[in-house]
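What follows is chain A paired twice: with chain B in the first complex and chain C in the second.
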Partner chain A sequence: MNKVKSFFNKLIKKDGTKTALTSLWCALLGLILGFFILLMINPSEATYGMSSVLGNYLVFTDPADKLNYFGQTLAKTAPLIAMSLSILVSYKAGLFNLGASGQYSVAVLVISFLGVGLNLPWWLVIILAMVAGALYSMISGALKAFFNVNEVISGIMLNWIALYLVNGILSGNPLVWDNAHSEAFVIESGNNAYIPQIGFDKLFAGNDIVGLGMILILVIAIIIFFLFKKTTIGYELKATGLNKDAADYAGMNKVKNILIATAISGALAGLAASLNMQNGFTSWKLSSVPPDIGFLGISSAFLGGLHPLGVIFSSYFIVHITEGGSMITDLGFSPEVASIMTSVIIYLSGFVFFVKEILRRYDLKDELTRLSRDKEETA
Partner chain B sequence: MIIVLSTISFLLAYVATLTITALGGMFSEKSGTLALSLEGCMTFGAFASGITMYLLPSSIPDPISALIVILVALVSAGLYSLLLAVACITFKANQTLVGTALNILSTALAVVMVKQATKTEALPVGMSRLNYTRFYEIFNVNLFGLQGVRVNWLILIVLVLIPIVYIVIYKTRYGLRLTSCGENPSAADSLGINVNKTRYVGVLLSGVFAGLGGLLLITMNAEWEFANGASGFGFLALAVLIFGQWKPLYIFLGAFVFSLFKTLSVVYPSIDFLANLGISSYFYLALPYIVCLIVLVFTSKKNVGPKTVGEVYEKGKR
Partner chain C sequence: MNEVYAIEMLGITKKFGNILANDKIDIRLQKGHILALCGENGAGKSTIMSILFGLYEPDEGIIKKDGKEVRITDPNEATKLNIGMVHQHFKLIDTFTVLENIILGDESLIEYKDNLNLFKKAFNYLNKHVFKLIDYKKAREEINKIIDQYDLRVDLDKKIKDISVDMQQKVEIIKMLYRQNDILIFDEPTAVLTEQEIEEFLNILRNLKNEGKSIIFISHKLNEVFEVSDEITVIRKGKFIKSLVTKDTTKEEVSSLMVGRKINGFNEKTPKEPHEEVLRVEHLTMLDPFSKKRVVNDVSFNVRKGEIVTLAGIDGNGQQEVIYGITGIKKIHDGKIFLSKKDISTYSIREKIKAGISHIPEDRHKHGLILDFSIYENTVLDRYYEKEFSHCFIINEKNIKKYADELIEKYDIRSSGDGNTNVRSMSGGNQQKIIVGREIERNQDLLIAVQPTRGLDIGAIEGIHELILKQRENDKAILLVSSELDQVFSLSDRILIMYEGEIVGEFLPKEITKNKLGLYMSGAKKDEVNAIKENENE
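On to the complex of A and B.
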């Protein structure tokens, strides 16, 4: 019995547990606030609306439907994991990648031309999309490294530039533009650029967008985990992020590290575009604001406690409620209710560090009382 | 002639919108808090005043309803900015993160609420648009009796505010205290200035100003699609702030430069010389941002901004 107790005590004192607990609190509070908003809009349907948001695919009665939509939720989680990793890598290196939307957009441009236009194999398209994202992100990195331009501002500007660039080049181009639907052509399952399903379609009741991408992103999350845990590059990036002057003094090349961090971060944003577009699910649509996946990535990165494996769960959670949110339109709610919830969650995750600080102080107090008691006993 | 005059009217409205929002951001950043949420505050002020314009009965006399709308814009955006202040000043949260959250939240709230308010109208699916033609006519007056040329009189308020802001920042005790809290909070603290309180006021002012900017932005037209938030004007204002090196007069000049390019993207089809070049309209749309990026390259090296922007102030930290 005592062993179990001490195990739990140890578990609670671990940093990771604290992060997970505080993230859960944020998520819970965000959901509660979302529920209040639903209550304000339509009190009689609010409970049912909330259960659809939370239930997502579980609201279906047919088990095949359940499986199918579960597969869809998983398939949509993959790009968000990539996006969160993008934010996470730059954040660990002391940079804030607010330009992820722009990197995503530029990658979409590459995917559309190479995937739809030239019909290149899927793996090549993924690699080139990642290269495009990396190069675009390195504009921000180079401006930061050589001209001291704040990467947050340049990232935002590059988002808008990319938006208009992609809108301008894709729209109306007969090679890639589907005039009938006024969007870019979708990469269908017959296409070379379509990421193989390797049997997942059979597992998820014939869902046709879930596939290898899901495995790929899990592998990459693990690689990023080891990058920071075991490699020199990861160590240098982290050191630069913690104290760039100290890292510089210790002989770590600041310029090199900024460029590496922005390149990896941009490549992951490009990968997000691949995972979103190369499965027959969606394509580029004309829009007057940058794609919001870049900002969603920020929320799941922070909700996941800025841990490469933690973001897998937080991304799933966010996609789960967003998908659930898209189901409640018939009840007179707009799907943006889910985006209210996620933004409240990001807002609250700003408090994570504060809550952790309190928990730490609590630990310290605990420790001190124990020490003083021990002292009394020995005396 | 009418085209030229309406172009100038557009230009002035853009200048005023960017100036007022960037000036607000200046209060926040000079006190040491990153003004990333300008876009969100603009959107929130625009949404709150927009919905007021949509719902106010026309039985209320025009001057009073105009006053109500302005007050709603200022107060709502001010309150919204307090969310930033509480998180970042009191609870020491990451300012970029919270700013981003507030930007997304305001657009999401605006879309949900606007859709709810316009439920009875048969709008196309996914639209969250408000129409307020009556207020467009109240805020935009016919200048010199010329038909077809309307000028937004809110621009006048901005013009009056510019010298006032200048005097407050440079000539008053409050302005100097505000600056000291951003430059060296520990020193300010040691002289008995309440750093957190000063920063709260800075953030609050940024919200109020951005609220006016939001109202100006949406009253340039008779309707607004809220899914676009403030169309990136808050971010442009942030760039203007940096370009203007946190100085009121430079900010005004910066706003003027960006507005020129922004206006160009609207009016270029009616200028024969530019329309004949055959350049994609998207290029003109991207132009303000490209110019902004290039300008940032030349102005960022010196690092003249408030020293502690974006940093958490810990009492007793060395």
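On to the complex of A and C.
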């Protein structure tokens, strides 16, 4: 019994466990608050509404439907994981990539022309989309590295530039623009740029957007995990992010590190676009605001405890409740309610570090009393 | 007759955790006098003045103003008692004008005084409670009066960011006078000023004194202390040492009181003949990036194998910048640096490290460590890229752990856990041991150690001194920067004294006494040195 207890104590003391616990707390808090919102708007349907938000695909009675929508949730999770990793990489290096939406948009431009227009193979389109995202992100990086321009400001500016650039170039262009639906052509299965499904469609009851992308992003997440855990590049990025003066002192090249961090971050934002667009799910629509996935990535990265593997779960959670939320419109809630509800949950998820800080202080107090006790004992 | 003091602080004691910052300190300021508060860095000067200004509350002791006991719980209280303070770092708002800064917090509102009709009454009421329109005209008149009275010329309409530091100081002084303060505290007011500006500042002090203000003036520069003060109070390591009347004492006496007479661990070193030059610095000049002031001015020296050369000086006299220049953390403006005869002036930091420089930085939290890294990760902070620790970008964790565990063992680095412990959770002494161990183990030709024992307890200090002396035995060239006289004397083979960015004297430890060294460090001997230099030139 004692053994179990001490093991549990050790587990609790571990930083990773703490982060995971706080993330769970925040998610729970968000769910409770979301439930209150539903209660306020329509008390009689609130419980049922909540269960469909939480249940998502589980509310279907037909097992085939369940599987199909589960597959859809997974497929939509992949791009968000990529986006979370994008935010995470830059954050670890002491930068804040608020320009992820812009990088995503520019990647969409590349995907539309090369994928739809030129019909290049899917892997090449993915690589080029990542390159485009990386290059666009490196504009902010270079401004930061050489002129010390705040990357948040330049990132936001570049979001708008990218948005209108992509709007302007794509819309009405006969090569890529579907006038009938007034959006860019969707990359359908059969198209070269369509990411292969490698049998997942059969596994998920004929769902046609789930595929290799899911596996790909898991591999990438593991690569990012190893980048920070095992490589000198990751070591330098972390050192720069935690204490740039010490990184300087140790002779690390600031310019190089900023460029590397922004490039990786941008490439991942580009990958998010590929995973979202090259599976027949959606395409670029005219819009007057930058794609919101760039900002959703921030919540997801924080909810995931800024851990490359943690964001897999946080991204899934966010997509899960967003998908579930889109179903409650059938219960007489307006679509806005679903958005408000999911936003509240996601918003509270951002509190992870706040809660963690409180826990840390509590812990510190504990530590101090322990230390002083030790001292008395030795004296 | 019982003399009534403007301010009496009796038996003031203040603890921060376990550190006794002030231990039963007595300060008596006579009306219309200038009292100089002298002591080394960390002696507790700023603490006691912060207590008087209400920033801290003392644990023990009483404060009397004009013979009456008062309690000062916050700066507003102090202002009400007409106590004003100019902090070392000015408390001004950069983007406000001089006028706005002066009246900030003490704005007089527009108010009709005579012929009050209903409208004017209503306006007065509304303005007092709602609009709060400021009467700039009246404020300007009052301030101009003060400017004339004390001869403090400043342009009221310029923004703070557009005026020079000495002007900003005048603004701070006017601010105090505008609030009708009659007890004025200056915390190291001359640290930021140039020679001529200091002269002007001292004149202002005399003017203020003639107008009946009582002044406390913190400084460790004895020249200016002797020029303007009436009394001197010396504190050392948080303790009250002595109060003296300026005209009855000498600079030598005060400086010996400041540093203390006790000299320990003087000649435990084995004699050693230095040979081969390792570091050579020629005409090094460095500028402050903002003010373009020369913080290091034409400094030349060398360090040879098997000797410890110390840059001694009070903090902020350019020693830090010399080291930044040598290690590459800051750009050098002019001059050359040679390491083993190779010109390394234009090398990057990494290239300099590879060329053979080890550096124990002054600020272990800012430069020396990454606090959220583990001990393992910190032990290879400046050598993770070496073959032993990584190959093709992949970190060799096993080797790092092995190496770090050796270091932990050899340098007795203690933490609550193993090498995975976060460095943030460790004590200062053990953190410093990581840095010292790391830099010494790299076995480079040149070891630079900047204030290597700052903030450590006596045991840790001795350990680090031993390690440095051992490096000397091993025939390394060692450049030490220190402002602690004990350390300077117990370690150095040669002492270079820096004052205001220049080397003002070079001595062997046996040629100079502590008191004399203290005098050089506080600039008292500078004129003498200049005179000698001029003679030589002629």
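The definition used in the following text is that the second predicted complex is superposed on the first by the 334 of 379 C-alpha atoms of A that agree within 3 Å, B and C clash if a C-alpha of one lies under 4 Å from a C-alpha of the other, contacts with A are read in each partner's own complex, and residues count from 1 in each chain.
Note that a residue touches a chain if its C-beta (ideal position, glycine included) is under 8 Å from a C-beta of that chain, and two chains touch if they have at least 3 such contacts.
Since this is a predicted model, take the numbers as computed values, not measurements.
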| item | value |
| --- | --- |
| Dominant contact partner of chain A by residue count, chain C or chain B | B |
| Partner chain(s) touched by A:Thr232 [first = chain B, second = chain C, both, neither] | second |
| Chain B versus chain C as contact partner of A:Val337, first or second or both or neither | first |
| First (chain B), second (chain C), both or neither touched by A:Phe36 | neither |
| Which superposed partner A:Ala246 touches (first chain B, second chain C, both, neither) | second |
| Residues on chain A lying within both footprints (that of chain B and that of chain C) | none |
| Chain C contact footprint on chain A (complex, rising order) | 230-233, 235, 238-239, 242-243, 245-253, 367 |
| Residue ranges of chain B touching chain A (in the complex, touch as defined) | 36, 83, 87-88, 91-94, 96-98, 100-105, 108-109, 111-112, 115-116, 119, 128, 227-229, 231-232, 235, 238-239, 242, 280-283, 285-286, 289-290, 292-293, 296-297, 300-301, 303 |
| Interfacial residue positions of chain A with respect to chain B in the complex | 37, 41, 96, 98, 143, 147-150, 152-154, 156-158, 160-161, 163-165, 167-168, 288-289, 292, 295, 298-299, 302, 332-334, 336-337, 339-340, 342-344, 346-347, 349-351, 353-354 |
| Touching residues on chain C, where the partner in the complex is chain A | 327, 329, 348-353, 359, 361, 366-373, 377, 381-382, 384-385, 390, 393-395, 397, 425 |
